[in-house]
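The structures considered in this document are given below.
There are two complexes below, and they share subunit A, which is joined by subunit B in the first and by subunit C in the second.
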Partner chain A sequence: MSQNVKTSRRGFLRGTGGVAAGSAAMLAGLNSAAQAQSGEPIVIGCPAPMTGAVAADGLEFRNGLQMAADEINAVGGILGHPVQPVFVDTESRGDDIVIQASQRLIDRDNASALITGYNLETGTAMHDVVADAGIIGMHAMTVAVHDELVMSDPDRYWGIFQYDPPETMYGTGLLQFLKQLEDDGQFTPPNRKLAIVTGPGTYSVNIANALRDDAADFGYEVSLYETVVVPVTDWGPTLAKLRSDPPGVIAVTHFYASDQAQLMNQFMNNPTNSLMYLQYGASLGAFRDIAGDNSVGVLYSTVIGALQDEIGTAFADAYRERFGATASPNSGGQTYTAMHAYAIAAALAGGPGEPYEEDQNRLVADRLKQLIYRSPVGTMRIKPDTQSAFAYPTETNDPSLGMPHIFSQIKDKDRDGVLIAPAPYDVGSFEMPPWMES
Partner chain B sequence: MDIPIQILVTGLTMGSMYALAAVGLSLIFGTLGMFNMAHGMFMTVGAYVVFSLASSLGLPMIGAVLVAMLTGALVGILTHLLIVRFMLTGTDFTTNVIVATAGLAILMEDVTLKMFGGYPYQQTVGVSGTFRIGGVVVSLQSLVILVVAMVCIGAVAWLLLKTRFGRAIRATAMNRDAARLMGVRTNTVFLQVMALAGALAGVAGLMISTVATLSPQMGGDPLLKAFVICVVAGLGNVWGAGVCAFGLALLEAAIGFYFGVRFGFPAMLILVIAVLIWRPQGLFGKEKVVRL
Partner chain C sequence: MTGLQRHLGFGLLVVVGFAALPLVITERYMLGEIIVFFIWAMVAMNWNVLMGHAGVFSLAQLLFFACGAYGVAMSVTFLELSVWQAIPLAATFSAGAALLVGMACLRLTGAYVALLTYAIAATVHILIITETECFTLIRNNCQQLFGGSTGFSRFDDFGFRPLLRGNWVLGHYYVVLAAFALTIVAVVVIIHGRLGLAFRAIRDNVGYASSRGIDRKTYQVAAFAITAFLTGLAGGVYAAHFRFAGPSLFEFSTLMFVLAMVVVGGLGSTWGPLVGTGVILIVVEVSKEMGDARNLILGLALILFVMFLPKGLADGADRLMRKMTGRARRGTEEKPPQET
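Moving on, here comes the complex of A and B:
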């Protein structure tokens, strides 16, 4: 599938490959210039959901951060100081647990920065802890509320970064993707009905609302807007509604991999002639592990996931070799990216500050804001006002300046989905799901 | 016509799992006067042990059910021998045992986490295939869940109503001191009840894990639902717990379809409040008359 972006795919990927190789060399160069080996370790705290409903992600966040830390230490750490990650389990629970965990990492472990993927909190639990301690916080909560909070008081929240775009990009992105499929003649929906199934959290609801609000502009009529409760043991009532009025497209924004897998297991007992889009959760190995053959044909997208180009594939191979065949580079790549970006920014700033050393940490924050870092999940470039990453292609049409909102389709239960959009990162094309009538 | 059938299928499947969980919980409360906060973990352990054995040895469904029952019973027995029996004669048993079993649940969850990690595993035991009722496709696993629940609950009912063992349990539940004076070994009865309730919990965990996924926290939600069912039925009323489990599950499924899935559990909670106002002793409970 090609998007309206005039870029030579091969040439672009060749160019960015050089950038990635250069980032490690840059850090190594800065380290040798510093001549400060065997220094005190730099503690990086990671409050992550390593048990509970989204443990499948949390365990990968831990792995990704550990892998990056090992790579950084292999080239001399940050200006000679080894990086020492410390992990605290937030149990897939809310703000209270995330705040306690973050505070503990600062007070007990003396963390210079907190780096995580996401937690099941309201989206800004870490922000005040980070602001009070004057350190750097990096997360992939993927929430618009981060942008609003940072813009409301930039002088307080100077140190907290969302290294991916906010969730609202999902809604618009999906509708644009569907339109592109239709324009290219790859997909004609059986009807113009769109069924939206969301979870109870703000994140899922915001994506669902964005979809609902924009659906009419793309010619879709929302035939079902259903909110499920967590955990979903039986999808019976929801599936009964879908079967009683089959939509052309089903979009599930409730993102838990295990719940999405059970949905597919139960949906495939009697599938409707509908395209099935599962937001984010299906990108995890756990989804394919649980859904098995029922996962084939599913479409998913993520605004931060491992690309299938030279850099992304090299990372994914190394990641799986270290953590096993079922490991998910899509989520491990998140903390991996943030850790590397932080290390470069800290080295460029002359080293990280400890908690309450605000002046030094402000220098690190400034370097992060100026950094354009090409990682296995695409380019991380921070917007100066919101301190979130630019989204490609929704916010910039230059793939070298934004993190891509990637769409993938599962074609083999034993492999990651094939990346089908956007250009120039696509490596395959859309195929009609096996349960749909062509 | 398909919609009522779908509601019935969902309600009976969920009701079966709720019933297995609630009947055991109610049995313990009725006999020992104890709310077992670790009941959810009894379910979890049953599911994980089956998962481990089935992954390495391969188990048919009937074997898996037996393993889950034995595991649950063993956990129940150990809980009684190592914790509950020391608290039974103490003051404030009802309160103390809630705290003790809550602590036990946390400990068991942490041990499960240490052993298996947080990865959401798929239960390896299960029956594949479907059949149709009208236009509704029903999975064979749903039928298995219903049959297993019916057999287990039927066996418990037979034990309680038709055997000497059951008579001892009922006598102990009615009046512990009177039963002891009549020669019933109440300590043995307590042990047997914990084993029986544990066995039911183990099977409940196995059945839940066949339609959901395994996680150390998987017992939390069923425990909450089982507690709601027990309150509506009348705490300690085993027969009522079984009936209410199916009734409430059908209600939840119907509300889920007609009003939205998110309203199912809140509706159950509203019902609890209504029952506690209207009949504090529960729908099937009897009022206690205190003569002064």
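Moving on, here comes the complex of A and C:
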């Protein structure tokens, strides 16, 4: 399938392959030109949820960052200084723990930058710690509240970057995707009912609310809006409601991989004739591990996931070779991308600053704002006002200038879902899930 | 010198010692960790009064802590009060909530109090984390009335950042130290005053205490309300320090974490919970370096304490002291008289 943006896929991928090779070469070139090489390590702090509800993601964040650091060190580090990642577990808990972990990385470990994927906090826990220390912070919290905060005081939050687009892209993005499937004749919903199942977190609620608010514009009637207590293993009550009034589409915005897997295991005992969309969690290997054959047919999307092109596939293969067949490049690719982007920006700026060396770190921030970095998860280009990544195709129709909101469908329990939208990154097309009547 | 005066004097020494600490420790992270110590020590000391002295096995103490934190967060976010106004208000709200919980527990004793108080706390927790309806929009972001599963963040703090700039944490340090000092004075006065005597009389023999005119219901509700006020105060300063209040503050793991401080320190003592808080936080800090082994080490430390020092460090120190003074006394007795 293809979306509105028509691009020559082969030609586009040929061009971007060169950019990826060029970015590593650029860092190596900058390193060889460096005059002073003291060899003092540059500490990169990573406060990540390595235990608790979202540990599956947190461990991948650790792996992705470590892999990137090793690759950077193999070409001489940053201007001759090796990169040394330090990890602190945030226990899948809230702002207080993330603040303590971040402060510890700065004061104890002398971190020049904090790089993480996401934590289970309100979306801005790291921001003041980073601003007070005058360092760089990079996260993929995927929240609009980051944009609002940065715009409210750009002079204070100059150093904090969200290297993926905010969650506001998800709600309408899904409805547009469904419309495109219908327009292309690939999918005709059995009815116009849309069931929304959300977790209680702001991220999930914001996506669910956007879906609910826009559903009517796309001809859908919200037949169920259900909030589940997380973590949830018993989906019986929710499934009973779904089975009593089967919807054409089920959208689950609660994103824990293990909870989603349990849902599929219980749903498949007596499936309804409904398309099943699961927010983000299904992109992780842990989901397919638990759900097994029941994962086949599920749709999911993410605004920061490993692409299945030359760059993305090479990364995914290397990642799995190093961390095992069940490792998830979708989440490992996040911190991997941020680490590489930071290294290039820091090298271009003449090296990173230490904590409280604001002037030097501002130079790194300036380079990051100007960087267009093509990574395994797409192009990271930072919006100057919000310091979040541009989204493709919602905010730019040029795939080389935005991070794609990708839709995938699981077709084999032993492999990542097949990327089915948007062009030019699609490598397969939508298939009716095995439990649905065609 | 009476026991009360002696303990107040020791408390003064503790507070003065901590007040002087920033002269030696300047690292923001360490000062932040000491602030966390003050706060959890306040909770542990009050829990010790309620459980160790009044004999009420309540598991709602973290709920009262959360009442303080949420009270500050909601007052500042929705009513636009300053934290200085919000903290006493939140502590009073916490005491009010405890009055209701205390009255609900009046007809119960022992494990039944624990069950009911835990059930109340768990119910409130579930009600909060399942709340999804937006009460208002803050920075275009959905904000639930009770914060939902993520809670409240980024509300105003003590206001030291523009005043002290890079040293704002010192302002927080001394404000929380003041609350900590207030808690020490209150707890020592309760434990070593007439109120503490009444609490212990009820704990040890309700029938005998009643026959001497001590009304169990009145004192039990008073124990709930007083300790909840001070625990709510701790919750309030916690929220103002971190600019955060969320449901993780009173989930089961946090409850066990603070309970461990009380148990390790010594239930029924005066200073045990303070020591227990310090020990547990040091164990947590050291085990952070060990990654995944942290929870294992914390669990192991708890098992060792329960097995070898079931009455906590305070009792262990007490026995050691008695043994040493006893030996010294025996040594003196055994000495042959000196010829002059």
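The working rule: the second predicted complex is superposed on the first by the 434 of 438 C-alpha atoms of A that agree within 3 Å, B and C clash if a C-alpha of one lies under 4 Å from a C-alpha of the other, contacts with A are read in each partner's own complex, and residues count from 1 in each chain.
We adopt the following convention: contacts are C-beta pairs under 8 Å (C-beta built on N, C-alpha and C of every residue); 3 or more make two chains touch, one makes a residue touch a chain.
Treat the numbers as computed from the prediction; the structure is a model and nothing was measured.
Engineer: Do subunit B and subunit C fit side by side on subunit A after the overlay, or clash?
Structural biologist: Because the two structures are overlaid on the shared chain, the partners are seen to clash.
Engineer: Return first, second, both or neither, reflecting whether A:Thr227 touches subunit B, subunit C, both chains, or no partner chain.
Structural biologist: both
Engineer: Looking at the overlay, what does A:Gly201 touch: subunit B (first), subunit C (second), both, or neither?
Structural biologist: second
Engineer: Does subunit B (first) or subunit C (second) touch A:Asp95, or do both, or does neither?
Structural biologist: Touch partner of A:Asp95: subunit C, not subunit B.
Engineer: Return first, second, both or neither, reflecting whether A:Asp132 touches subunit B, subunit C, both chains, or no partner chain.
Structural biologist: A:Asp132: touches subunit C, not subunit B.
Engineer: Now for A:Asp289: first (subunit B), second (subunit C), both, or neither, which partner does it touch?
Structural biologist: After superposition on chain A, A:Asp289 lies in contact with subunit B alone.
Engineer: Between subunit B (first) and subunit C (second), which does A:Ser244 come into contact with in this model arrangement: first, second, both, or neither?
Structural biologist: The answer is first: A:Ser244 touches subunit B but not subunit C.
Engineer: After superposition on the shared chain, which partner residues are touched by A:Asn209: those of subunit B (first), subunit C (second), both, or neither?
Structural biologist: A:Asn209 sits against subunit C, while subunit B stays out of touch.
Engineer: With both complexes superposed on chain A, which partner does A:Gln103 reach: first (subunit B), second (subunit C), both or neither?
Structural biologist: The second partner, subunit C, only.
Engineer: Looking only at the overlay on chain A, choose which of 6-14, 42-50, 96-104 or 132-140 in subunit B hits subunit C.
Structural biologist: 96-104
Engineer: In the superposed arrangement, what residues of subunit A touch both subunit B and subunit C?
Structural biologist: Touching subunit B and subunit C on subunit A: residues 50-51, 200, 227, 229.
Engineer: Considering only the defined contacts, which subunit C positions touch subunit A in the complex?
Structural biologist: Subunit C reaches subunit A through residues 27-30, 32-33, 36, 126, 129-132, 134, 139-142, 148-154, 166, 168, 238, 242-244, 246-249, 288, 291-292, 294-295.
Engineer: Provide the residue numbers of subunit A that touch subunit C in the complex, in ascending order.
Structural biologist: Of all residues in subunit A, those touching subunit C are 50-51, 87-89, 93-97, 99-100, 103-104, 106-108, 120-125, 128, 132, 143-145, 148-149, 152, 198-202, 205-206, 208-209, 227, 229-230, 356.
Engineer: Write out the stretch or stretches of subunit B touching subunit A in their complex.
Structural biologist: Residues of subunit B touching subunit A: 2-3, 6-7, 9-10, 13-14, 17, 113, 117-120, 122, 130, 136-137, 139, 208, 211-213, 215-217, 221, 253, 256-257, 260-262, 264-265.
Engineer: State the interface residues of subunit A toward subunit B in the complex, per the touch definition above.
Structural biologist: Touch residues, subunit A against subunit B: 50-53, 55-56, 58-59, 92, 200, 226-229, 231-234, 236-241, 243-244, 257-258, 261-262, 266, 269-270, 286, 289-290, 292.
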